[in-house]
């Protein structure tokens, strides 16, 4: 789906939107997820599903490095797309390129994080759930369950989104969580590392993982180490669902990130055709939802299909 | 010819006056394997002294587990490095094979052994392609395997999403034949009441076989020669191309073994499994005394290098050091291990250069 | 070109017809023809950079000739790799020796032709035999090595050359090619090598021998191929040349004796 | 001595009969830089043919931007590689310097130039430490810099969290002196009405200086010699240690430049900035014709290698190919670039080996 | 030990006292003493593996001696690097030539002693001069190179050796050390090298010359240090030895003439 014939939006100006309505609309989604990341895969799927449903073309790109991400946004601007969806884990780094898009008359919607800067940079809306707020939800739930010594497993060192989740968890819990670094690309070693931590500190009574793949090995690690710790995680996949069903994982924080992909495309299409905006400048929140044994069965099939 | 010549051995076999007496210790310490053994002992002592869980049976089983799969790859990568080449695709290839096992077993509904067989064929084909391209084009293996590394990374993600719609292949445990596969690849063995992963046995086996091949067979001789000086070895009739291709296929086979172990053990495989591990394999081999320029090294050394890495990685966790500083400590420990090793060898070699 | 002298058989072991070799724009060899016969020593003589080593490398399968034809037992052959030349019974001592510095002497000695023992998957490099043969062959050349496990890289220049020669002699079946084999050798060891050449010749091997020393070339040579700047200056049988003529041709004048006198007299003072 | 000797130049200067006439084309194509130029041209043609945005001014500005910071590092890393060494810490060092600039400017409230100066001192110290350890211990630079790589990764994370409480330093734009720094490091220059990043100028400058040093100075001669054969070069009096240490410090200085550009341009810096980039620098240098074993290569080649990488990375985006297959295409394109380069050189060299 | 002959001055340029060198358990040299005087040629003779090159490397700062003392102009010195020896005016042709194969001839020639032009930050390697000098010096040795930009790795063995010798002669200021410089050279080029040695001697340099060829050693040598298996067998002045004695000592018997006769007669048939 190369942008054939430039779809007539070239003129710029805020009102260019309606003119584009008759051509094929093409939108770009640029996120800070790394390739193959389970969370962002669902966002991608949401965006692509929206594209299909609405008959617009959606090009998804991502890079975890802020500078690269801004270059990808710049590429989308150069391609003269009809709208850009961008996740702003690092708003300062993206300011230039987002503003360039706005200046070129391309409507921008921010997703996931960066709600505060969204309007300031000229975006027409924000869909998301701040990672910190999601983390708070998890922390509060763990506190409810009686956890006091929580291990937060970071699977990518220095990743801002993951740090925000752990920070949020600390706030929700009311005490500092303990961090552990593992490598998402070597889950076997991750399992051993979590085992080590549980062996060396038997007082850990909850493990919070930030990725569904890590959640499964954390559950296995707990049983390896003979620990009674409660396992909770961010994000869902089929394994997590069955684990919640059989009780080895107590709950999962679901940001419903499918919506973070789907909704902005809808909003951009509406804007292009009808100059509609959503939320009146306020962010549209997608979560957090908590999936536990009470509601797991309803969404089991959806998560296995990769849309939750 | 040698038979017809009168051999004028002028001097009887006696102690050569050109050799100074050297203690057994020094003689042993000069060997590359033993050098890395020192590093391993230092790290072991360091962590054991500070954490009783680390030195307990369950701790040992834990860090041996980490060292085992890493070690299988490190040994194969060491062979390849001795032969003068790199394989940057080795890490991601463990993911490719694990995903193949998963996809064939679950999406194509085959017996797990069929899936494992298919993964082997694929791995060998990729190894062959790597080797063939390297020997044909004469380009550095670093750049060729970087190309295959990136391509495989893309394939892993693209195909996984194509087959499963998500970034993870799951449900391997339901495949027919799973239990026999689990027994062989992912079970545990009780020693003194502590379960040890069977992968440790595979690691020891791989090390033993690689050592034997390297030191006791013709092929091993060719590996050293090809890595030491490819032109010279070809000039004396070593089939350097064949050796190189075989080495790439060996690395691929090791990746297949590790990938199968991963798939069977975790029963679900993420699309980015193994990415980035290739460097760690090379590091383990280098800690174990392999030369990056080829022609020198040992399989046992690489296995010990993997052990050093595994112990360090887990040991830091056992000591409960701040996780933010994890990589700092990891780096410091590795430098500590290689520097002690170096110091000891310097001492042993005295003025030798 | 004169016909062969002495011990020649019918077809030559090796024949070169109009061989030429270019490296990019560099013409290293052009239009070289000669024969190597069983039981004969063919000496290749010429200045530095004349193309002798390049010729050797064409014969031993290292380089493919750019032009011309190579005949083995009268049949045209193309060696794609040194292995093929070796399999045809052609063993070579290269000027750069083709040794792996980091490897032990005995491993280098048998490199590419390792003796094995045991069978099936347990077939292994027979290291005991290899070490034994290595030590024996080197002792026969007057080189008393300390330890066959010593890496070749730590040997002295002459010791290393001796290992290469002993190896070629041990494996040479039909043709033995030696590129300046005695250059780093002591007088004694050089004598041994010349004796080896004579012995090989007497056992019916064809020998190609390169040297800058007319005192080495003349006694053992049967044919003399003279190269100059990549071109042949002629291919002579022994009878056609005296040692003096040979020396003159190699040195461009009987310089050495003149020189000796010149050197003794302090010129400057 | 040369004066007193009568020089018996026997032959007058004339066309040497041992040289065949060779076309200018072939002669040019054999040069390493020109080889990688071919690769770059192929990639450029490929993407330009398919995307008019790619070949438009804004597209060019975009992929030159990507190539520029990568290129600055690639050139420095190429110098180091020609000198026979690797620096795995180069990538993370760009992060260290960027974070230093940020922390000194915001948390310690200094003028941004003071911060940039502090980062330079730190970078040079780290480069010196790398070089000193490598030359002192004789250990492979691969393993030493892997140690510093891990340590710096830990430091970046640990210190950033210590100072800011999060993993990101922000607010650099508020530091005094920011505007002059922005002008120099992060502004844009209009060419034909299209803004181009000033980093491109730095990249060209770095390439020109590195080329000049490599080919026209004594130091350049030493770099080639140290990388070609360290023992031999030391034997003829080359100060190999000093050369090596200087090269490591040069790489560190390049990392400082890139780090400062990043910090000033993004105005906020994440703790994991630069991690993993080290391999890409090496790749760019290798695409540009540098030998991994040292002693051969060129700065222009490395700059072109960075260009190939940058064009490929953005070109795939412009073609709107499926992002899941991004790495697959990236790998395929890189192989395409190096293989064409190789083929062309093979043709040009004819039978040369 | 006899005293110096002929042109000697007061203190020797270089003096070795009880030098020994071990490599791990290998004793390569033990208890070697000799002197190198200005305007004299000291020949080091000995079998392969006798330790000649090791001795050279001690003199030129490559190895530090394990035992013993080195005196320069009567003062004890320790060379920590070859650079220091070079700075003291000692230039060496190593047996392995110490060349960088991938680098151009002219770059190798001036490696470590590059001529520069321009100043300040624009000081650069004066490549025009370097190429010019390289070509001239090699032509003077009878080596006609095609192109000073050719990588040394593609030169013939003799051409490469000539570059190393020309380099040392060009830079040698007080002592010139040559380790088997003529081994790969043609008769003509070897003659040129011997003449260089004589010229250097006449200009008052101290020369250390290693060779296996008594015909080369005797005409130019003033002192003869004989090594055997790492130990000194004596240090003789020229007057004390005839060429025949020298040959006998080097070969362990006047083998070469005997050998010549033996080789001419086909032994086997």
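So that you can tell them apart, the chains are marked A, B, C, D and E in the order they are listed, and the count of residues begins at 1 in each.
Basically, a contact is a pair of C-beta atoms (placed from the backbone, for glycine too) under 8 Å apart; a residue touches a chain by one contact, two chains touch by 3 or more.
Per UniProt, the chains are B, D = Xylose transport system permease protein XylH; C, E = Simple sugar transport system ATP-binding protein.
Since this is a predicted model, take the numbers as computed values, not measurements.
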Graph separation of chain B and chain C (steps between touching chains): 1
Chain separated most widely from chain D, comparing mean CA positions: C
Interchain centroid distance [CA atoms averaged], chain D/chain E, Å: 42
Separation of mean Cα positions, chain C and chain A [Å, integer]: 72
Inter-centroid spacing, chain B versus chain A (mean Cα positions, whole Å): 36
Junction residues of chain A - those touching two or more other chains: 35, 157
For chain E, residues that touch 2 or more chains besides their own: 23, 26, 96, 142, 146, 199, 203
Overlap residues in chain B, where contacts from two or more other chains coincide: 18-19, 153, 157, 161, 276, 322, 324, 326-327
Chain pairs in mutual contact under the definition given at the outset: A-B, A-D, B-C, B-D, B-E, C-D, C-E, D-E
Parts of chain C lying in touch with chain E, wherever the complex brings them together: 7, 23, 26, 46-50, 52-53, 95-96, 142-143, 146, 150, 154-159, 161-162, 180, 183-191, 194-195, 197-199, 201-203, 212-215, 219-220, 247, 250-252, 255-256, 259-260, 262-264, 266-269
Chain D-facing residues of chain A, complex: 1-3, 35, 44, 59-62, 64-68, 70-72, 74-75, 77-80, 90-93, 95-96, 156-160, 163-164, 167
Of chain D, residues touching chain B in the complex: 137-140, 142-144, 146-155, 157-158, 161, 276, 279, 282-283, 286-287, 291-293, 322, 324-332, 334-335, 338-339, 342
Chain B residues within the chain A interface of the complex: 51, 53-54, 58-59, 62-63, 65-66, 69-70, 91, 95, 153, 156-157, 161, 164-168, 170-171, 261-262, 265-266, 268, 270-277, 313-314, 317-320, 322-324, 326-327
Chain B residues touching chain E - in the complex, by the definition given at the top: 17-22, 27, 30, 349-353
